[in-house]
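Structures are listed in the sections that come next.
Shared chain: chain A. Partners: chain B in the first complex, chain C in the second.
On to the complex of A and B.
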């Protein structure tokens, strides 16, 4: 039994969803995503029992490309994030009517397939293929099922596509260059390469372009807010919950160990870019009137901090970054889902037109409050664990980084609580807000349960990821 | 050799169909015949033999490319059925001309003598002139045929002049003899001049910048099926012939002996960069889909020329690139033929809302455009990957970076068409489901994806 099983389930699921037709599509998609989750948990047990669940097969002879999937703790953690969020995302869309639902759900599963592949791939080219494949479904999801003016949406989505493709093509050149040196795309062979400082710098920059656009890091973020706003909520969740983690994960997995010298030499610049994202995202978020856009900018701030954490090259920084990636994945999906719930009832995303929800639906209000508090990293939530570890690692590099990075908590608390106040509190709204349905409740409770559980007890995840992060750090520090 | 004879026989057979009044059966029978030829061609694979005093040399290279040409011709003949529905009396002529064109193409990749090479190129060109002008009552088609004929015959003249200079230098038309003598240190200056003239003539056929000016007008004016043929089969034949010409005459080592290799490579790099960039930038501005694909074809010619920089190892890559490009081209043109049937132009507006009215064909067109743009898992991606890999290995990193920037630009116009299909409202209903068009579209895109999943099948044929 190995990890390719998950990929097969998701791919077969995508086809099956398309074949069964519009009526059953959502249920079939949910079934397959749950099956993938179940299998992943089984695989996790096999892995914890010390079994080898990786896979390597020859694929293309000339140039030598292998179908290699590597499941270490880090990859499994990201795999679990993907397969846990996918059913939640699919389930959250129940009750919405989508035109051509079969294609919609098939694309979601296909995207989950590609993202899972990205996290698992241990061959540079295979990784690149999955990385690019993940772009196609989200392009169509945002284009066909998005909201707002069609012309503006088209512009936003095409910009997003061309940006990300442009970034990743330079990564492709870097991979080809590495292949010429190593004679193989396998990650272990690439780790062993001894590249000169100049070569490392160029390769680092080529990777950086791809990842900085995907994450996004300032100044490559300009596509983000528009796409988050225009995409359907499911698309936004996929993008912010999982897809941008592809970029952060790749920094740890590919960029830092392959070009460690450049990473060390220019560490301060890249940490500073990450921190700049924190401050910029927070300040812009304060001024947003559109709920989805506010969440988009807050997401920009949080991932900026995660990126800064990865570039510290310390075990705490990496560990905190990975923990925060997972925590942020859950919390941002929850927040966007809450925004969707409000939109369904009020038919608006303008914060000024909301308010007075607490009186009508205290249950939803408390769930929303927990998500907001988790997002600002209140102690006892999962996000606190991640954010605190990252800030600690930043303080080891330079105390000012930690101080500036800490603004994410202060400013975050300000705009999130202000948003909460305007959206939920206040006088009763003239519009009625019907209470959350059971389906919506299940998704929200599942997310909150994860956030609180790992907030109190992050040890299982820490234990899972630490050994592989240490291995990567050893590669970084070998010379 | 047997392939060539069989193809010519099939062509003559096609002409007889009209006399026997069997025009209705012509498409299926020709396809069966071509499948037979394909099998025959496969049976010759692997052997290297010369026939008729070296007039024809059958090698792995020639059989592999001939197979590709035959497969493409099968698709094009299958598309003829629907396309010539309105003129049933002429169909046997048109099919026969396509078969003769194929014979010309096969001769061009298996020549062993420059006379045979020239014969092949003329058979191919004359067939193309006729097809370009085949809509007798359409002014644009006439213009296209005339333009193509004038420019094409000029290029043929240049090639012929090049052949003469080479004869003057070597005293022979025989490829084996020329390639042997071309390695000697003392060569008259007109050998490289003759080679340059021949390469220029072939670059014209390939439609590389700066010899591309005929392409957009001819592509736009010709009947859509002829455009499909020009942009897939004819382009593939031309680039394969250029490759064979440069490699079979030992041009690279000969230039190296005379210290001209650097210049030659610089020229190829410049032409390749110019073709990609100008083709792509012009394509961005087009609203006519045929014109857009003409410019996209120019940029792809630029990519394919990159194989000339590492000629000793890149035959497999060229075969793979041309297969990927031509299969994507066939798939997209079969959708264009369906959409633009009975329309007086091929404007992008015709494609509005195709995603709603005909999701299958829209998906196929999307797939083929993604393949041309180089998105995995379509074979176009691997074609570009292998090409970039070869070119970086040959030490031309700058060219690869230009190529990558061009890949990004090309997304702009390929996605214009995709956007039109999915984000605009449909403006008309189309009736009828022409089986053959659907079959060709589905089979070619499936082959394209299959090549993407198992690239070694093709690349390893020639390595």
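On to the complex of A and C.
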């Protein structure tokens, strides 16, 4: 048994979904996404039992490109994040009407396929292909099924597409350069390269451009808020829940170990950039009028902290970053889903037109509040575990990094509670807010359950990712 | 050991179970059952606490329980675990004891509220987090409770969520607390990196065994921890949330914002006494902050007209006195005052709740008066508690406050004076409250007058118990013969007992304090009984009174200094910086476009030009190769 099975399920699922037609598409897509989740859990068990589920197959001989998938603990954690969120995201869209539904759901599965590939790929070019493949479905999802004025949407989406594509091209150049040196794209060969400091700096920067745009790190974030707002919620969830983690994951997997000298030399600058994102994102979020945009900026703030954690080059920083990636993935999907639930009832995303929901739907309010509290990293939620670990790692580099990064716990509480108050509390809204449906409830409860369970017991994930992170740190510190 | 673990789990989880039941089934269970479940679960915790108390007093051995690994950090391993020792059990006694009484009281007080089951679920959740805070065996478990009680405080201040002013108050409380929490986190980071542990017991051993301690760094940690305490225990500069927190239902004010949660800061400092003892500079800061807070809050309390606001500022002021004691390393004295204060302040708040209840929501003392006859039990219990807080012998507050002032006298005369003035003011505003509320004629509407009545037994019973405790609570630590000091002695490195020989100085100071208290009461008597003054209506207030009435305009200052600039910055970022950055990226796109457009012109089909460029390029390459060799 090996890990390529998951990729096959997702890819076959995408085709099957398209073939069965509009009526059944959503159900078939859900089925395949759940099958992928089930298989991933089985694979996890095999992995934990010590079985090797990675693989290397020769693919193209000239230039030498391999179909190599590396399923270490870190990759499996990201795989699980992807295949756990995909069914939730698909299920959350049940009850919505989409034109050409078969294409819509096929694209979701295809995107899950590409993102999974990105997390697993152990060959630079294969990785690059998956990385770019993931962009195509989200481009169409946002363009065709998005909301708002069509022309404005097209502008925002095309800008996003070109921007990220342009950034990634620098990464491609870096890979080609590395291939020239190593004669292979295999990650282990790239790890073994002895590059000079100057070479590393250029490689590091080329990677950085690709990742900084994807994650995004300020000031490369300008595509984000608009696309998050204009994409359909499913697209926003895919982007914020999983896709931006591709960038963060790649920092750990590719950028740091391939160019460790540059990473060490300029560590403080990149940590500072991440923290600047925390403060900037939080402050911009305070005065947002559109709920989805507010969540977009809060996301900017959170990933800034995660990025800062990765650049500490310490086990705590990396571990905290990965934990926080997973926690953030769940909470942000939950929050965007909540925004969608409100939109379905009030037909607006303007915060000023909301309010008075609590009196109409206490259940939804409780669930929304738990998500808000997880987002502000209240202890006993998963997000606290990640945030605490990252902040601790920052404090070990420089106490001021922790203080400045820590402002997120104040500013985050400020904009999130302000939003909660304006969206949920107050006198009853003139518009009726019908209670959450069972389907909606299932998705929200699933997310909340994950956030609370790992809030108290993150050990399984910590144990899963720690060995791979230590291996990567060894590569980073080999010189 | 097994049994201890199970009992400890019952202790912690009983209120949590109450929370779950009320959340999921509260509505269908009905108002009374919901309240009974809420109360019984806390009583269960109280009974378990009594068991542990008995065990601790007989064996004098702390019980350490580890459940499982929680957060893993390279040099830190953080468990979810409990520590039941003298300090935590003592705290549990009054948290669960007073908690039970207040739950009982709430069954009646909240009976007309349609969301009473929500109220009890939040109250239970609060008790759960408060117990977690107290029994945690390391700082991070304390932090779960610490932020958890903050959350419950947020939920309960904003309990009547239709009112956006209340929601503002709730939000303010949460955010101000989080400013403190950042301090607490940073303090933890420093301690963690210095000693590789956040576990109390291990930390104490590590510090005791350390050679070459980095005292400046340790002091920084202590200072950061104290910032955390300032947030939770409402000390300058993070105190302004507490008076606003009175927006919550009165039982909440009694339980959370007087007796228990706000003492968390004092608990934490006492818990980490071995850290603070090594940081005398920080201790000095704590004493000064405590002293100044006690005085500033007392001055504001002098002129407030809302009965709950008076009590709120009084709470801030009394907490200040406790920090004054902490600053001088007199932990047992601070703890003593925490306990007596919990008794009399809970009683005062619940009494004010009884009054408010009787007047159908009226909180303005200008519209009260003469309630003595209609509400005798409320009156007598509040009177007893007022005597206690004013330091009249031999009520509980007399002993505890006296010890604080004695301690202050031995360390710093100016702070002793500050504390004494605050105490005189306390006596004054408390009796101002009593005279305005209970004496002379009723100043409310005829309608209200008609309905005046004593509250029912569920309300008066807790009042009477608390009044008894407020009267006799001082017995736990009599000067020269203190049960409390002996009980707590194992916690502190310093030898206790040296400061408790009663000499002439002590008796003189005691006399001065008593006279001061009586003076305050006397002035209130002259002003509000003899002369029958009623505080002026809001618009007529002028001069210094106006400044005090408006709380020195600190809220306004914070708004101008912090909230407004952050919001302006947010707007600036949103409207300008974001647009500019976006334009820059689009500009890059345009430049690329332009290059393409200009480049297109070169490809104009003229073979001559192509050939020219080709030859030029060839020459360049050849000469490069030639020169390179």
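One rule holds for everything that comes next: the second predicted complex is superposed on the first by the 479 of 479 C-alpha atoms of A that agree within 3 Å, B and C clash if a C-alpha of one lies under 4 Å from a C-alpha of the other, contacts with A are read in each partner's own complex, and residues count from 1 in each chain.
Quick note on the criterion: a contact is a pair of C-beta atoms (placed from the backbone, for glycine too) under 8 Å apart; a residue touches a chain by one contact, two chains touch by 3 or more.
Keep in mind that what you see is a predicted model, and the values were worked out from it rather than measured.
With the C-alpha superposition on chain A as described, chain C and chain B clash in the combined arrangement. Contact with chain B, but none with chain C, is seen for A:177 once the two complexes are overlaid on the shared chain. Of the two partner chains placed around the shared chain by superposition, chain C is the only one that A:417 touches, whereas chain B remains out of contact.
When the shared chain is aligned, chain C comes close enough to touch A:391, but chain B does not. Once the two complexes are overlaid on the shared chain, A:373 sits against chain C while remaining clear of chain B. Of the two partner chains, both chain B and chain C are touched by A:162. Touch criterion met: A:403 reaches chain C, while chain B stays clear of it. Once the two complexes are overlaid on the shared chain, A:287 sits against chain C while remaining clear of chain B. When the two complexes are overlaid on their common chain A, residue A:132 makes contact with chain B while staying clear of chain C.
More residues of chain A are touched by C (comparison of chain B with chain C).
Of the two partner chains placed by the overlay, only chain C lies in contact with A:314; chain B stays clear of it. Of 112-120, 166-174 or 256-264, the segment of chain B running into chain C after the two structures are fitted on chain A is 256-264.
Under the contact criterion defined above, the residues of chain A that touch both chain B in one complex and chain C in the other are 162.
Interface residues of chain C facing chain A in the complex, by the touch rule stated above, are 23, 68-74, 76, 80, 118, 140, 143-144, 146-148, 151, 154, 158, 161-162, 164, 167-168, 171, 174-175, 178-179, 181-182, 185-186, 189-190, 192-193, 566-567, 569-571, 573-574, 578, 581-582, 584-586, 589. Per the touch definition, chain A reaches chain C in the complex via residues 159, 162-163, 219, 221-223, 225, 280, 283-288, 314-316, 319, 356, 358-359, 362, 366, 373, 378-380, 385, 388-389, 391-393, 395-396, 399, 402-403, 406-407, 409-411, 413-414, 417-418, 421, 425-428, 456-459, 462, 466.
Within the complex, the chain A residues that touch chain B are 59-63, 100, 103, 125, 128-129, 132-133, 135-136, 140, 143-144, 150, 153-154, 158, 161-162, 165-166, 169-170, 172-173, 176-177, 179-180. Residues of chain B touching chain A in their complex: 316, 355, 359, 370, 375-377, 381-382, 385-386, 388-389, 392-393, 397, 400-401, 404, 407-408, 411-412, 415, 419, 422-423, 455-456, 459-460, 463.
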